[in-house]
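Chain IDs A, B and C follow the sequence of writing; residue 1 opens each chain.
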Amino acid sequence: MNLVFDPAWLPRLGQGVLLSVQLTAYCMGIGAVLGAVLGLVRVYGGGRWSPLYWAASAYVHFFRGTPLLVQLLGIYLGLPTVGILIGPFLAGLLAMTLNTAAYQAEYFRGAIQSVKSGQMMAARALGMSRGQAIGHVIMPQALRLIIPPWSNELIYMLKYSSIVSMTALRPETMDLFGVARSIASRNFRYFEVYILVALFYLAMVLILTVALRWVERRVRIPGLGTPGRGI
Amino acid sequence: MALLRVENLHKRYGHEEVLKGVTLTQEAGETKVVIGPSGTGKSTLLRCINRLTEPDQGQVWLEDLEITSRRSDINQIRAKIGFVFQDFNLFTHLTALDNVRLGLTKVRRMPRAAATDRAMAELDRVGLAAKAGAYPAQLSGGQQQRVSIARALAMDPKLILFDEPTSALDPELIGEVLSVMIQLARDGMTMIVVTHEMGFARSVADEIVFMEGGVVVEQGPPEQMFRSPQIPRTGEFLRKISELYGESS
Amino acid sequence: MNLSAWTEIAPHIPVLLRGILVNIELLLGLISLGLGVGVVTALVEVYGPRPLGWAAGAYTWFFRGVPEIVLLFLFYFGLSQFGVPVSAFFAAVLALGLRSSAYQAQIFRGALQSIPHGQMMAARALGLGRVKAIAYVILPQALRLSLAGWSNEFSSVLKDTTLAWGIGVVEVMRQASYIRARNFTLTLPIYITVALMFLVLTYVGNVAIGLAERRLRVPGLEGRR
């Protein structure tokens, strides 16, 4: 068994890393905004029977309960059949964003609900409106509590970005794994290429883990939340 | 005109009627102490006054403004009524200074520098200027409660409602909070205090209100309530509570 | 998408069901492989000698950090490169199963570590050996405690079985693409139908785990959350 690694692979894999990071960053950013809104609606959007609560819950259940791959292919292959043309990169980004928004909504909900109820009461007693209380008192605390689950989600999405190239192997969807597939399909060095790519992902996960722990420590406030959990 | 009038207040939770028509009048500068067995609606009464809990029936007036009216801006009214909670409820993510400053900058829209000066002055008043940068988790229970009193004071309230302010404290920390409250009463702050601290009630209350079963059973000045209550049940309760909690303060 | 597309779905349902049956087979295979390897890995991490514990830690770290799809391709194409004949199905069970074992190991490790120290001491005081103490006292408690975490892992791996499509396993996604190749107007209804099938499976699975949790519940032994 002799293994062959070719340094010529590296620049292309580097390009792939860039696209994977981009996809992950965009979907996590937009997903955080959507997730925060959905989470707020699930907590403050009226009772169990308000249409807003119901819609947000249906959304969260649907996107958490179905495979990302089904969502991706539904969007990439399904939308054009109803006249909505969408390229593979955008389809991948859209699927990942809609998916992570549902998961992040649950993290936001959990974080908001774990802020003690007295905090809202004290804010209202000072004369703050509900919106002010959420903005100045509840969310600043929830945002700190959400860092550990959010870090996990970020790493999940980085790994899941590897499925966007399953739509079509086109240059614009050449994420890290897509590049690996295209290299391996030409030289048949599957094992070497995929092991190398696995190490690339591991390195990215390691860097993110360390960076997020650092952020968590930077914004930590005594008495709020627990020390970071391992990822 | 009385500063605060509570008229025929009712509140029901499910089957249980917690307030069965409470009526009170509070003059400016007066300190009223509300006592009674637990579960008789004392805390509910306080929360209904600034509508943290919505009463089912009855009216509350702050001077000539009806708090319970749907048309009145409740947030504006709450800004004028301080509230001190049993479990402090300091904002966990903010330092002592920021806890006191938040209402000033966000509700009263005071410029930041002026708000800082005012907040520091209030922290100084409760003896905690040195702890301005500490987070709630870094303060003792007594210190936290003093910060929460400073938070209420900073808003220039017309009156402050105290909901069992010392019940969550270790015995050795009760004194520091009570002495801040005694000083406030002597300075002429208008206060309604729900408490079991009979020493406090006896020495600073202008009036003691005894509540039981969702109604006011008896009210009057401390000497009268302690020496010659009109209703036997009042005397019985006062004797029991004085034995239990002592009169230290 | 019009109504007629939806009525045309009906004849294809049996094919989709045959496909999702393969997903269920994959699920059963990978989750039992993951359970076995996961429990052993967790035990080694907590009770094993230091170097073995480190090896177990590196193992779980590798399988938790590499994307599922990379593992699938590595096990399927990588093994065949060295002349190891593996079917796509077997490679999928192996890749997804080992990945799941890493996650399950983490769940069990947490459960093992949350059992009070006195339990082990009391078992040893009775004269039980270390292995017997683990088998009769620690493990039965740890397995119960890990049911909650395990139900998360279940719904996550159930959905990940669709990734086996990438290496050619004829599961529900493959059947869906066969159907849409013949009639592309059905694309969206087909994928929505598949999505609904997964919603149902997730729901049924969680109810079953919930029932198991209730049956196995012992008073005083609850997950601390």
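As a convention for this text, a contact is a pair of C-beta atoms (placed from the backbone, for glycine too) under 8 Å apart; a residue touches a chain by one contact, two chains touch by 3 or more.
Note that this is a predicted model, so its numbers are computed, not measured.
From the centre of chain C, which chain's CA centre is farthest?
Relative to chain C, the chain whose C-alpha centre sits farthest away is B.
Which one chain sits nearest the middle, judging by mean Cα positions?
If one averages C-alpha positions chain by chain, the most central is A.
Using mean CA coordinates as chain centres, what's the gap between chain B and chain C in Å?
55
How many angstrom between the C-alpha centroids of chain C and chain A?
For chain A versus chain C, the centre distance works out to 21 Å.
I'd like the Å distance between the centres of chain A and chain B, where a centre is the mean of that chain's Cα atoms.
Those two chain centres are 46 Å apart.
For chain A, which residues are in contact with chain B within the complex?
Contact set of chain A toward chain B: 115-116, 118-119, 121-129, 132, 136-137, 140-141, 144, 221-224.
Any idea which chain A residues touch chain C in the complex?
Residues in contact with chain C: 1, 61-62, 65-71, 73-74, 77-79, 81-82, 155, 159-160, 162-163, 166, 177, 180-181, 184, 188-191, 194-195, 197-198, 201-202, 205-206.
Please give the residue numbers of chain B that touch chain A in the complex, ascending.
So the residues of chain B in touch with chain A come to 50, 52, 75-81, 83, 85, 87, 89-93, 102-103, 106-107, 135-138, 148, 151, 155.
In the complex of these two chains, what residues of chain C are touching chain A?
Of all residues in chain C, those touching chain A are 1, 61-62, 65-71, 73-74, 77-82, 155, 159-160, 162-163, 165-166, 173, 176-177, 180, 184-185, 187-188, 191-192, 194-195, 198-199, 202-203.
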